[in-house]
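The same chain A turns up in both complexes below, where it pairs with chain B and then with chain C.
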Partner chain A sequence: MYSIPLLFGVTLISFVLMVYFGPDKTYDLLGRNPTIEEINEIRHQLGYDQPFFVRYLEYIKEVLLFDFGYSDSTGEKVTSILAKTIPVSIALQLPGFILGNVLGILLALFAAMHRSTWLDKLIMSSSVVGMSISYLIVIITTQLIFCSSYGLNLFPVYGWEVNSLSDYLYYITVPTISSVFVALGYNTRFYRAVIVEETTRDHVRTAKAFGHSASTILFKHVLRNSLIPIVTRIVFSIPFVIVGGALLLESYFGIPGVGLTAYDAITTGDLPVLKAIIVLTTLMFILVVSLVDILYRVVDPRISLK
Partner chain B sequence: MSDAIMEQGSSTVVPAKRESLWTKAFQKFIRDKVGMISLSVVGLYLLIAILAWLGLIAQGWDELLADGQMGPTAEYWFGTNINGQDIFQRAIYSTKTAFEVGLTVAVVATITGALVGSTTGYFSGTWIDELFLWLMNCLDCIPYYLMVAAFAVALADNPYAMHIAMMSCFWMGTARLVRGEVIKLKNMEFTEAARSLGVPVYRVIFKHLLPNTSHILLVEMTLLFITAIKSEVILSFLGLGVKDSISWGLMIAEASGEVTAGYFCNFFASSGMLFVLVLAFNMFSDSLQDALDPRKI
Partner chain C sequence: MKKITLLPLAALVASSLALADDIKVLKFSEDGTPTTFDPVQAGTTYANTVTTAVYDTLYEYKYLKSPYELKPNLAVDMPQVSEDGLTYTIKLKKGVKFIDDPAFADGKGREVTAADFVYSIKRHFDPKNRSQGSWLWTGKIVGVDDWKANGSDYTKSIEGLQALDAHTVQIKLIKPFPQLTYTLAMGYSGIVPVEAVEKYGRELSVHPVGSGPFKVVSHNSTKTVLEKNTNYRQEIFDVAGSGYDEKVHGFTGIATLDGKTLPIVDRVELNWVKQASARWNSFSKGTEIVNTTLQNEQMNEVLASKHPVTLKPEYAEKFNFRVNPEAGLVYNFFNFDDEYFGYSEDPKIGAANKALRCAIVKSFNWPQRVSRFYLGIGEAYPGFIVPGTDGFDPAMDKASIKQDIAGAKKLLKEHGWNKRSLPVLYFPGVSSTRNKQFFEQFRGNLTKIGYPKNKIKNKSYATFGDFNKDVKMSKTQLIPMGWGLDYPDAENTLQLFYGPNRSPGSNGSNYNNPEFNKLYEQASIMQPSPERTEIYKQMNQMVVDDCVGIGGYSRTRIRMWHKNAIMWPQRDVIGNYLKYVDIKS
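Take a look at the complex of A and B:
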């Protein structure tokens, strides 16, 4: 139910922004010195002479039929482009995503356990420092440290030729280090706030009064009850991890992922690819919303009783 | 005895010092050393930005002054870049660009978020609320960088394409927060009282409800400022950002090719300036939250 208006809205926004006001492809398809008739012919083929709603309906029809066709710039089938690039993006982002969240939660638990001692202050102030460093600076610095002759020179600067696990680790290490570094500051802060709020609740005080050990309280009473915001944050960042978030990493490390493909499609006006990506992100968003609902029930059985 | 009476009398005549939540927050902020230090760092940057904006300093940022790739010298503090432009002046002038982007985006996005959030919060459960929630969800569906790229292409010749794109992507968070707070506030007695006195709806929203969310708006504005500056750097690096000017992002983009060749001046100057500003603003924002929100842990 929720998904139909959403899909409609996203296609409308993407159509207006990326197609109606998007790049004009007339002159890309024409030869030198075209005549007026040739120009008009091409514009008619591309549908530029049609009114807004006709073009939008055409666009929505193609979206609904999953008829993405062939890429304008490479001539490759759009579905095969996506089938090639999405696994790369996932493989690139997944280790960093998991590590960033797990380390974030662990650090947050540790900080919350030692609340308002110097350890807590140290972790929190380093997370503010981590938050303040731009992603770009982190990428360039890690590349300098790990990939250049000024640093350790252990890993490749550029490229993605993964055939085995060791190749994978070889190409993934530096991007993962930078993405974990960037995510850790934000994650730790968020998770600590969530966990500390839970530790001030009455049931935790009761558990303490019953003489449960600190680790039991932390994992069984605090972490378990603060899972809802944690799950929400993790699940809602999935679409962006897969499509949007990797753009910088992919362009800097020369990795052929879906973020870079989407960026190129927008800047060159590669309409078929663009449509496919828009549909993909919307579907992923809808999937995530339903996934959150299911996970809420798993995490907190009270919700399914309501 | 008459003295005692006089004293008593005068003490009742002198009005007790007004203590509102704002003055309390202000007192708390003043006492916060980290907050004051970071605020003064931000103030220093603001001063630099205003001076550059008035045309008093760093006007030679795009002049070819000397040989390319010089190291730091007495005349050119951070050396020169590949074209022989003074890196120090470029880094200083970029402060103006950063504040331009940060302030316009933060102010416009917060105001939009406040208006939408308060209206939808007041009308929660009606079609107005549904409509705006739908719009927000749709905008959330499209990854931010792709949205900005689309805006940049659609508004090809407009130098403010990036600003417009950020404004239209950043207001949703504020709107959601304000909406939640307004829903909470509109069930309180003072709203009930205002409504029963016949105060028109727009005045209830904008005079009674919205001002009560100003602590959220203030903090959101500082956070958006940081986000805008950081995004500006990344977008400029991708070639979607500021044009016909200089920014830290463009300097880092220049430097990204040079660092592997061993020229670090450009990179350190731009990223250092950026880092200090963002760090100071983050700490300022933290102290502000501490001062404004007694519940913050």
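Take a look at the complex of A and C:
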């Protein structure tokens, strides 16, 4: 039930921001020598001459019907834009998302297992290095190394023409390397902290005293009991993967995903697209919160869904 | 047995490869993205490139001719113009068809008629289409303004816009408009069938249905793919008639294309790559993008010399290039609505304001601007008439583009400006590193003439729309902007100073000089002639003398293309050039 006031609150706040602080699309659509009448015509077309609450009610109606009309920039139906771009963003982000988390957890376990040794320090300092390098630099460098004639020239710099698995691997490899490189630092540090905290608990000490093997302790007692914060982090980043897209990756690798669409909508004040993306993100979060509750129950049966 | 089983597969692979080899694909990049291909909104260079490739216009520019020159495209001949210059009669080619599309009853493209042209221009005056091109004809074609005022009813005819028969268009003007034919070569005048508008509605923007040499087969925010329109009328490449000059174009191999049927390539892939590094990497590896524009970032890596421009041997071996000044200019106008820059009823204040404008003009260092931001190639010129257009005078006094610190200081002193009285100055621009650098350079020059550093501030806007809003509402003190020519006539830039075009119109400076206005009105109805050229020169001198702004400079671009492409890269003004490009197999 909490989802209804949440959706209402998010749409209201975001609409206030869009209307009062967002770019004025009128001046993006004008010809080069406009008159005041033409400016007023466009404002009328965009609904800018309507009172705030009339516009907001119209927004609510659009949310209920899930029909946001046409993009003010491209003239294309908003739902068609999202239907085309969201799958591309998911396809782009998914390998990096999975690899970044799986490798992060494995490295964190390894570091925690060798806590305070040089291996732990090496992993942690590498993580800090990874976190410190700008995503932009990582993208440009990986492009130079893997895609350009100045480097290995193995993969495309730009484009997205995916018709088969081999095409997919061809276009996805370098963006995935870039995103894993950046995500790994943050993930490893976070997961290590969680795991290290778990290793100091009494039940782990007891398990050690009972003579369990290191791997049993790590996977059965430490990892399993660390799953709540790990699951929370992973699941809460899903909406960004699906709706938020990856603006920099999409922009530099020429991938027509929803990240670029959202960025363009924000910077040009394309309200129909922006409204749809906000609603979709909110719905994703509502879904994710529910999913997290269920997953908590799966990983820790003591937690009640009630 | 195994061999036999694999044979069909091998044959299939071989035939696919052969097919792939047979298809000629032009792949090129641009630094922006078009948002729509509806002719009524073809306001950007990117949109114009595609719109003119997929829609027919009555006229087009000769591919290689410099200065620009028009030739018939869908029209049979150049227009027949009445003695008084008010009536244009244009015959259309017969048998030209739109592409096959589900918009048509049987899915087959029907013949393009004069009524389609009339309908396409009418669309600009229907407010729901949000036309960006209506200003070209507003107040010029008889009856269009009334048609719009009366509700844009397509069943009602417009006196000045008639289809006399299926293949004859007649345009009647309120007053002579010598630039009319130029406007009929712009993407805005692309001919659209009513069936497509009815079927796709607003989504016509991504489902163009035209009769041009190409059709759009896919489009997204990073790439547009065009394919040859197999229904395209018979058109032969007349190289000599296109303005070919052996000395200029000889190295390109274009002469070998004489007599070829247009369009030559089967497919065009337009990559919209805003990131300069990605664009260059994709171009230089040679497999993805055939032509691009050299950026500042790659200049030292690629160029062996700038004056003249030559490439380093390793690049010269692989690429052709063209040094190409834009058909447009960049400038920095003062806003005459501002109390410190504009007119005043008090002659003393008016003179002081003019002195302040002129001092700022004198402080500006054009060679430094060109060197830091524009590859160090090309030169600024006095005034605001773009080189190559009628009225540009290379012999004009260059004092207005030379930095003169002592002269600027003297002017300020003579008119009583000092550190205390000089106003706080806001330099506006869209938030970006480059705009910040422009501001720093502008401020650095002003401090040299004694302008207090703390009185020069940057006003940053999140988006171009926000910046443009303030310009249109006359809220900025300065207007640092650029103007790409709509057509190659100095009238197109001189109208930027015509009083009645003041904000929100194109005259962002709000300059309003009755003498200038009178000359503009006189020249704007004159056909090209030495007399008109003289008036243009006078007007240009007038805005220089009044220190209306800092200018002008046409950014010079180095366009590069792989040697397997036979082409002459053209981006500005001419539009429909993709049909002339060939790719060597």
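Heads up, the rule we're going with is that the second predicted complex is superposed on the first by the 278 of 306 C-alpha atoms of A that agree within 3 Å, B and C clash if a C-alpha of one lies under 4 Å from a C-alpha of the other, contacts with A are read in each partner's own complex, and residues count from 1 in each chain.
As a convention for this text, a residue touches a chain if its C-beta (ideal position, glycine included) is under 8 Å from a C-beta of that chain, and two chains touch if they have at least 3 such contacts.
This structure is a prediction, so every number in the text was calculated from the model and none was measured.
Look at A:52: by the touch rule set out above, it reaches neither chain B nor chain C. Legend: residue contacts after superposition of the two complexes on their common chain; A:159 is shown touching chain C, with no touch to chain B.
In the superposed model, A:129 lies in contact with chain B only, and not with chain C.
Shared-chain residue A:260: touches chain C; no touch with chain B.
Look at A:219: by the touch rule set out above, it reaches neither chain B nor chain C. In the superposition on chain A, A:278 makes contact with chain B only, while chain C stays out of contact range. In the superposition on chain A, contact of A:148 is made with both chain B and chain C. When the two structures are aligned on the shared chain, A:32 is found in touch with chain C, with no touch to chain B. In the superposed model, A:77 makes contact with chain C only, not with chain B. Comparing the two interfaces of chain A, the one with chain B and the one with chain C have residues 23, 140, 144, 148, 150, 157, 251-252, 267, 269 in common.
Within the complex formed with chain A, the residues of chain B that make contact are 134-135, 137-147, 149-155, 230, 233-234, 237-238, 249, 252, 255-256, 259-260, 262, 267, 271, 274-275, 278-279, 282-283, 286, 297. Per the touch definition, chain A reaches chain C in the complex via residues 23-36, 38-39, 41-42, 45, 70, 73-77, 80, 84-85, 140, 143-144, 147-150, 153, 156-160, 250-256, 260-261, 264, 267-269.
Residue ranges on chain C touching chain A, taken from their complex, read 29, 35-36, 38, 41, 43, 127-128, 130-135, 138, 202-206, 220-223, 271-275, 277-279, 281-282, 284-289, 462-466, 468-469, 472, 486, 495, 501, 504-506. Residues 5-6, 9-10, 12-14, 17-18, 21-23, 128-129, 131-137, 140, 144, 148, 150, 157, 193, 196-197, 200, 239-240, 243-245, 247-248, 251-252, 259, 262-263, 266-267, 269, 277-278, 281-282, 285 of chain A are the ones that touch chain B when the two sit in their complex.
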